[in-house]
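As structure tokens, here come the structures.
Same chain, two partners: chain A is paired with chain B first, then with chain C.
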Partner chain A sequence: MDSALIPKGVQRCPLWQFLLILAVAGAVLLWGVYAMFLCWIKGLNQTNMNDYYGFALWIWADLAVIALGGGAFFSGFLKYVLGRDELKNIINYAVLLGFICYSSALLILAIDIGQPLRGWFIFWHANVHSMLTEVAFCLSCYFAVLSIEYLPLILENRQLAKVPFFHHLSHNMHKVMAVFAATGAFLSFFHQGSLGGVAGVLYGRPFAYREGVLVWPWTFFLFTWSAAAYGPCFTIFITRLTEYFTRKKLVKDNVIDLLAKISGWMMGTYIIAKIIDTIYWATVTAPAAGFRLMDFYSGNSFYGIWILLLELILGGVAPAALLLVPRWRANPRLLWVAISLAVVGVCVNRWVMVLQVMAVPVMPFDQWALYLPSWQEVATTILPVAYGVILVAISYRYLPIFPQEAELNPIEETVKA
Partner chain B sequence: MFPFSFEWVWDMGHMVFMGGLWYALTIIGIGMTYCIVKAAMDASKDTASHSSGH
Partner chain C sequence: MKHKGKKKFGMVINLDKCTGCGTCMVACMSENNVPFKEDESDKLLSITWMRVYKLTNDEPFPHIEECFLPRPCMQCDGKHEGHPPCVSVCPAVATDYGFETGIVSQINTRCFGCRYCMAACPYHARYFNWWDPVWPKGMEKSLNPSVSVRTRGVVEKCSFCYHRYQKAMEKAYSDGRRDIAEDEYQTACTQACPAGAITFGDLNNPDHAVYKLKKHPHAFRLLERLQTNPKVYYLSSREWVRNKADNSIAGQSAATAGHHSS
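Then we have the complex of A and B:
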């Protein structure tokens, strides 16, 4: 029924199966939309945020999807600026995932600010002393860049490409994509960094505070570095997941291997820097503020030293080691383990830098402040996942996302088999 | 915010922040304008060559 829209040379599941997937994801999406409207109509009293938790589950989700979406800017930088041409076979998917992640981040922020109709205030009445202003600027501009990078892919749809203007527009955009990719890398460097900088400059919260260079705390550089390291792992993770669900090979192993190797080197160097930063913080910065390391990991029912080990060892050293050794990286099971641990690792890092920062007592009379999100917060955080599934499903069905798919899955051979 | 807004102050913060924003928006705007105008010209050339061919 919709075969005229499906790219040439590839096979897709029957329409009813596709619609069923959309219906299931759509039901979850509607649940999230309902919670979103509750937050907009009734206000932020629908959440469990309070005076301790001005930043809560939403901001963690924001930071996590922005880090995971970092695969788009870093892959774009590698392909268009550094000329790693092999990555052209995965860049479309990296862009799509980046687009989903960044649009999700903006949606979550639109709920979080409580009054989305005043969202434009941050541009017009900008507080130029706030790192969050820089984040808002770069995030919005980078989302525009991602939309520009995603647009040619939409225009390459079989039917749209028949329109001469769309065909030429897509062609012209490809020709100048390096300019957009370089702009995207520049914007990402600053907003990823500033998201880390926000935590690092909190000198009243010794758990988060770090020294640095000029106005930038070390967390600024660590966040950018970690996004470039872990983002490509998320791209590989979702690619492998798509291959699993479609039961097809979509990207050749040499492309995945190259991205995994680069990610491994980035992660390895990042985790060394992160461990040095942690040791210096634990032995110099925190004691100078009157805290011992274990003050941050004891006296409560949730945050133990396990979370530090999970972040650094299981979510950092282990995946980096697995990705750096060619034999381990080439093993599909170990690659799965590595990219899964990496995704968990960066999410735990962002959790710690948002929520544990809020939980740790600062004053001598303070208690640990633990927090459980309301169902509205959970639903609106799951909403982007459902939205992502829908957009991936539609894009995969109708757009030529994987240039190697037809070659890797010849239709004639499948029919004969 | 523009320099003619009442809140504008000629200090480093405003110049760096707002300058960066307008710089990025200008690159995006010029890039897209170039692509759209060139696509329109290419498409009209196609139409002209098709009609002259008939």
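Then we have the complex of A and C:
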């Protein structure tokens, strides 16, 4: 029924199956939209946040999706700026995932602020000293860049490409894409860093505070580095997941291997820097504020030292090692383990830099504060996942996302089989 | 812009005198139109610009001792004067440091509720309006016309009753004066405290009581090591109380002594 819209040379599932996927994801999306409107209409009393947890699940989700979406800027940087041409076979998907992640982050922020109608104040009354201001500016600009990067892909749809203007626009945009990719990389280096700076500058919160260079705490550099390291893993993770669900090979192994190898090197160097940062913080920065390392990991029922080990060892050293050794990287199962651990690792890092910062008591006579999100917070956090599934499903069905798909899955052979 | 020669309002709270009666909290809420709900049992959702904490020395009976510690906004100077933890983080300049008075302001109509300032404040002195303020019928008539009520979705905090400073200055100007006397500007909590535990004034003015009190050997501030440089001082003759004011690890000397930079 919709075959005229499907790219040439590839096969897609029957329309009813596609619609069923959209219906299921759509139902989840509607649940999230309902919760979103509850928050907008009734206010943030719909959440389980409180005066100790001003930042909670949403800010974590924001930081996490932006780190995971880092695959877009770093893949673009590698392909267009450093000239790793093999990555052209995965860059479309990286851009799409980046677009989903960043649009989700903006949506979550719009729900998270207490007065959404005043959201524009951050641009109009901008405080240039605030890390959040830079986040807002760079995030918005980079989202515009991602939209520009995604647009030519939409215009490559079989029917849209028949319109000469769209065809030429898409062609010409592709030719100048290096400029946008470089702009995107530049913006990302800053806003990823600023997101790290958001926690790192909090000198009233010894768990988060880090020294640094000039106005940038070490977390500024660590966040950019980790986004570049872990973002590509998420791109590979979702690519593999898409291959699993479509039961097709969509990207050649050499492309995945290259991205995984670069990710491994970035992660390996990052985790060394992160461990050095942790040691310095535990032995110098925190003690200067009167805290021992274990003060941050004891005296409560949830945050034990396990979370630090999970982040550094299981979520950092282990995936980096698995990705750095060619033999392990080439093993599909170990690659799965590596990219899964990497996704967990970066999410845990963002979690502790938001939630644990809020949980740790600073005044000696104060107590740990733990928090469980309300269903409205959970629903609005799952909303972007459902939205992402829908956008991936539609884009995969109607747009030539994977340039190698037709070659890897010849239709004739499928029919014979 | 240097603060030298300017006013720097601050508070000295004598914990030996504080009985924990909570009058300061009530006076503050009444003076500043602080909203409240029917159920205020969850203190993580209560707006208390002034909050009284109960400290204990963690000793078993009969050696156990208690102390009540009223905590308004500390009006921090910050690591560098004019850089309290909360001010530089606000993305919309909705909170600012007043170099004329040393008071950290909160511009309610500018705040869009990102709550970054709350994350930055180690004293939990900032509160979010999770609900719209609803006053019991008739009570809206007793609201203080000098203080605007806040809407849902914005952050608020103690202002050292800044409207009282403005009124006092207006009166002084209308009388042909350019300055105010110590007793012309006092916060609501200071005046309400039945034990006289709170002293308020200009920390830079040698004629004001707080100027001398802050130099008392028993004076200390909360979390000195963080270098937030608060303008709220405490007095206690009990060492364990002074030690409770800051975190310290074995081998570290108490940071509460000899760090009075004001």
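The rule is short, and it goes like this: the second predicted complex is superposed on the first by the 417 of 417 C-alpha atoms of A that agree within 3 Å, B and C clash if a C-alpha of one lies under 4 Å from a C-alpha of the other, contacts with A are read in each partner's own complex, and residues count from 1 in each chain.
The working rule: a contact is a pair of C-beta atoms (placed from the backbone, for glycine too) under 8 Å apart; a residue touches a chain by one contact, two chains touch by 3 or more.
Just so it is clear, the structure is predicted and the values come from calculations on it, not from any experiment.
Enquirer: For A:Leu132, select first, second, both or neither according to whether it touches chain B, chain C, the two together, or no partner.
Expert: Second partner only.
Enquirer: Taking the superposition as given, does A:Val176 touch the first partner, chain B, the second, chain C, both, or neither?
Expert: In the superposed model, A:Val176 contacts chain B only, not chain C.
Enquirer: With the two complexes superposed on chain A, say which partner A:Pro206 touches: chain B (first), chain C (second), both, or neither.
Expert: second
Enquirer: After lining up the shared chain so the two structures overlap, which partner does A:Asn50 touch, if you call chain B first and chain C second: first, second, both or neither?
Expert: After superposition on chain A, A:Asn50 lies in contact with chain C alone.
Enquirer: Using the touch definition from the top, say if A:Phe291 reaches chain B (first), chain C (second), both or neither.
Expert: second
Enquirer: On chain A, what residues does chain B touch that chain C touches as well?
Expert: Common interface on chain A, chain B vs chain C: 124-126, 129, 133.
Enquirer: Could you pull out which chain B residues touch chain A in their complex?
Expert: Those residues of chain B that touch chain A are 1, 5, 7, 11, 13-14, 16-18, 20-21, 24-25, 27-28, 31-32, 34-36, 38-40, 42-43, 46-47.
Enquirer: Spell out the residues on chain A that touch chain B in their complex, using ranges where they run on.
Expert: The touching residues are 123-126, 128-129, 133-134, 137-138, 141, 144-145, 148, 164-169, 171-173, 176, 179-180, 183, 186-187, 190.
Enquirer: Which residues of chain C touch chain A in their complex?
Expert: Listed in rising order, the residues of chain C that touch chain A are 42, 44-47, 53, 55, 69, 79, 85, 88-94, 110-116, 118-124, 126-132, 151-155, 222-223, 225-228, 244-249, 252, 255.
Enquirer: Spell out the residues on chain A that touch chain C in their complex, using ranges where they run on.
Expert: Residue list for chain A touching chain C: 43-45, 49-55, 112-116, 118-119, 121-122, 124-127, 129-133, 136, 198, 201-206, 287-292, 295, 357-358, 362-366, 369.
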